[in-house]
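Take a look at the structures listed below.
Both complexes shown next keep chain A, but they swap its partner, so chain B is in the first and chain C is in the second.
Our next item is the complex of A and B:
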């Protein structure tokens, strides 16, 4: 996966979890929680979806890496780059 | 030969879930959606645990715990169940307090509490705002040494009326006391007395019916009337499955939605755990139980709207202890108007009091029946003040006690609010003691109630999913696959 595909994958997950949010306005550097109505259960959902869709385990100590879109891509890209995106 | 309730089950499962409270059901649905083979075993004939109801002659349907839960339940139902279930959740706006210290109606949200505390109790706005901000900022990892009593004293010193306003609804909702850690109060309060109280339109039976339909659609096998006898663990301290009705059902994981003490002491057996762990388990305090009086009005009888939830008491001040006395005058009335179950056009009222098991156990059959009769009479006397002439309208009357809760839930002490806070650490530590063994249920106040239970089910489902991924045999490389 490319960085852009990783970013898109995260966006897809968030839009499934929070369908009422307008994700087009997302600012990658800002905290997701400050922009959208996401709580700790939503972040748990993101972790579960990453496991389901990409067989990727995010250990609890790394949950903080998912705080913004930019930090999520930074953290996930090296871990997902060898994944083929199934379309 | 008796009926084989296990008929048609698979030869093995990824997860067997023992008990079908909202934690067990929600975990089951999540795990099934993640692709796992799931079996639910429930000893009762209904699913739902304490999210339950019963029917009686004359068309009565009586709910145990339907009124009310926090707004977060809407999101939880949408994400982990269906949009349809989420769409049936409606707000209850008529919450009422009546006691010697104050008497008023509230719609139970932050704005209204702020208004009441300012106008009725004369608290300055800054203090109220600071209290709300403090409580909202509390989180799970905070210091546990401060009690709720100390928290209240800090913001509203000597104001037993304010303490009562803030505490009473939470006590009825989850059995917590002024001496529990403030954090357990804070998290529930932030969820609850902030954006109002909600209920499920259609009643508990409709909710559970919809959940069952969704579970079946997602491939979950469900078997009722099945009391699990034992969780089978091998010498390597790994779960093998469960024994039920003399039969072993293999499973990679077992998620117990039974009480945590039952899980450790009865279903697994203390001998399977490390001695230090068993020592910690023995320290877990059970929460208290409840009594309820169910009042079904005769078909055709009506009452005015006297509130959806009414917190009433004749006690001079709030006290966690006196609330538990069999003669307590502190009770919650839940009024179920025809809007609860559109089409049924009937009214019911459920009175709840907190109660201790020991006050109801060890009675002779006659003493027990007499004591229930007294409870019913006292309840009707109290209700008369709000619904004059109610006795003439009653079509069905029945009481439940801690003994009743014990029979239907198998919980030790008939607890209706799980365990105190320390139960959570035991629940979370279970998988480190025995590979593949998990627990979700009411442990600690924040994991109690409908929303807490459902969310805890998801939190544990995540752990189960992680475990199942870790033990899964490596998958063959995908790249050579062609269709």
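Our next item is the complex of A and C:
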């Protein structure tokens, strides 16, 4: 997967778990929680969807890496770059 | 009785398989319109069910629909509709003095089945089990979702009482108002039962799941050719208030709860016991200071199982005899068995009789089972009465939990 594909994959997950939000205005450097109505259970959903869609485990100590879109791509790209885009 | 112990119904919100408002529900009950249809369920394919089609997004965002449960959505819809119907200025109501008391037959089966199905796609690896499973399956989930949605900070909990739960939710609300625990009770019952295959499969294994080539004719209480229950979803919530509070704000009053009773058969897991059912009806009458002949309409619980209907008819004959004036009807013939919602929905479908004077019939009664003979059973067409002032509602459940409510037309 390319960086852009990783970013799109994260966007797809967020759009599924926060279906009322308009993600077109997302600012990649800002915290997701400051921009959208997301709580800790939603972040667990992101972790679960990464597990389901990419067979990727995010250990609890790394949850903070998912705080923004930019940090998520930075963290996930090396772990997903060899994945085929499946979702 | 102190005036503040008189508890009245001031708002009604409902979703039934044949109506999403009281007006629509009542119209369909008087026109004989069923809400039973074909329904696809996991592992069993097509079954018959009563399916609700209310607008889930009227009061919820998509995210809360995803996080919550079907029962929660039904509870929210009914609670919001009840408050809107009550005409009260809910924004200025003290939310710490509002209680939510919802009857459920069962809760959590749907969500657990869904999770087991979901992890079956991952070779049953439990790391794919959702973190939402616990909040979705706690028994107070439907009532809890109402408090989140409406900002209610008073108590909320579930009344688990099998198929008597709808009546018992109302009884709980009434009692909490009398105790002074709350000033407004959102009370009734809900069911998401049709979203689990297990309830269909279990009734089928009992030999008690209705089948008929025409879904609208499948639920046929008292009929000689009845063959079981149609499982349904639904909900009905009242705003209950103390009479002085309701009068002070000029509320529309649907009726006053003047009698209630609940007891247990102590007899069997599933088979009802007519002696205890009769005792329950008599206790409710005694508490209301009424005699059987004072009841204008008795709405039966009968679910169209072979034995259950016979048992209830024995109880009704014991209390009401075969020469009284009370009209007897049944609502499950239209919508199947809405489980935790049944008591509340079935009582509600009769409340407009205070105004329009009609006893809605039980439909699908082509040939009466001789063991289900009842005096003044209103069959297939509505009956206009001179006046309707008092309605009794039976609601019974597994483990012999019985409940009876008596509602009187409002009089000062």
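The definition used in the following text is that the second predicted complex is superposed on the first by the 86 of 87 C-alpha atoms of A that agree within 3 Å, B and C clash if a C-alpha of one lies under 4 Å from a C-alpha of the other, contacts with A are read in each partner's own complex, and residues count from 1 in each chain.
Everything that follows uses one rule, which is that contacts are C-beta pairs under 8 Å (C-beta built on N, C-alpha and C of every residue); 3 or more make two chains touch, one makes a residue touch a chain.
Keep in mind that what you see is a predicted model, and the values were worked out from it rather than measured.
**Student:** Thinking of the overlay built on chain A, is A:23 touched by chain B (first), by chain C (second), by both, or by neither?
**Tutor:** In the superposition, A:23 touches no partner, neither chain B nor chain C.
**Student:** Which of the two partners, first being chain B and second being chain C, lies in contact with A:84: first, second, both, or neither?
**Tutor:** Touch partner of A:84: chain B, not chain C.
**Student:** Answer with first, second, both or neither: which of chain B and chain C does A:73 touch in the superposed model?
**Tutor:** The answer is neither, since A:73 touches no partner chain.
**Student:** Return first, second, both or neither, reflecting whether A:44 touches chain B, chain C, both chains, or no partner chain.
**Tutor:** Once the two structures are laid over each other on A, A:44 reaches both partners.
**Student:** Touching A:52 in the superposition: chain B (first), chain C (second), both, neither?
**Tutor:** both
**Student:** I'd like to check the shared interface: which positions of chain A are touched by both chain B and chain C across the two complexes?
**Tutor:** In chain A, residues 17, 41, 44-45, 48, 51-52 are touched by chain B and also by chain C.
**Student:** In the complex, go through chain B and note every residue touching chain A.
**Tutor:** Result: residues 30, 34-35, 75-76, 79, 455, 458-459, 461-462, 465-466, 469, 478-479 of chain B touch chain A.
**Student:** Where on chain A is chain B touching in the complex?
**Tutor:** Result: residues 17, 41, 44-45, 47-48, 51-52, 55, 57, 84 of chain A touch chain B.
**Student:** Where on chain A does chain C make contact in their complex?
**Tutor:** On the chain A side, the touching residues are 17-20, 37, 41, 44-45, 48, 51-52.
**Student:** Provide the residue numbers of chain C that touch chain A in the complex, in ascending order.
**Tutor:** 61-63, 66-67, 122, 127-128, 130-132
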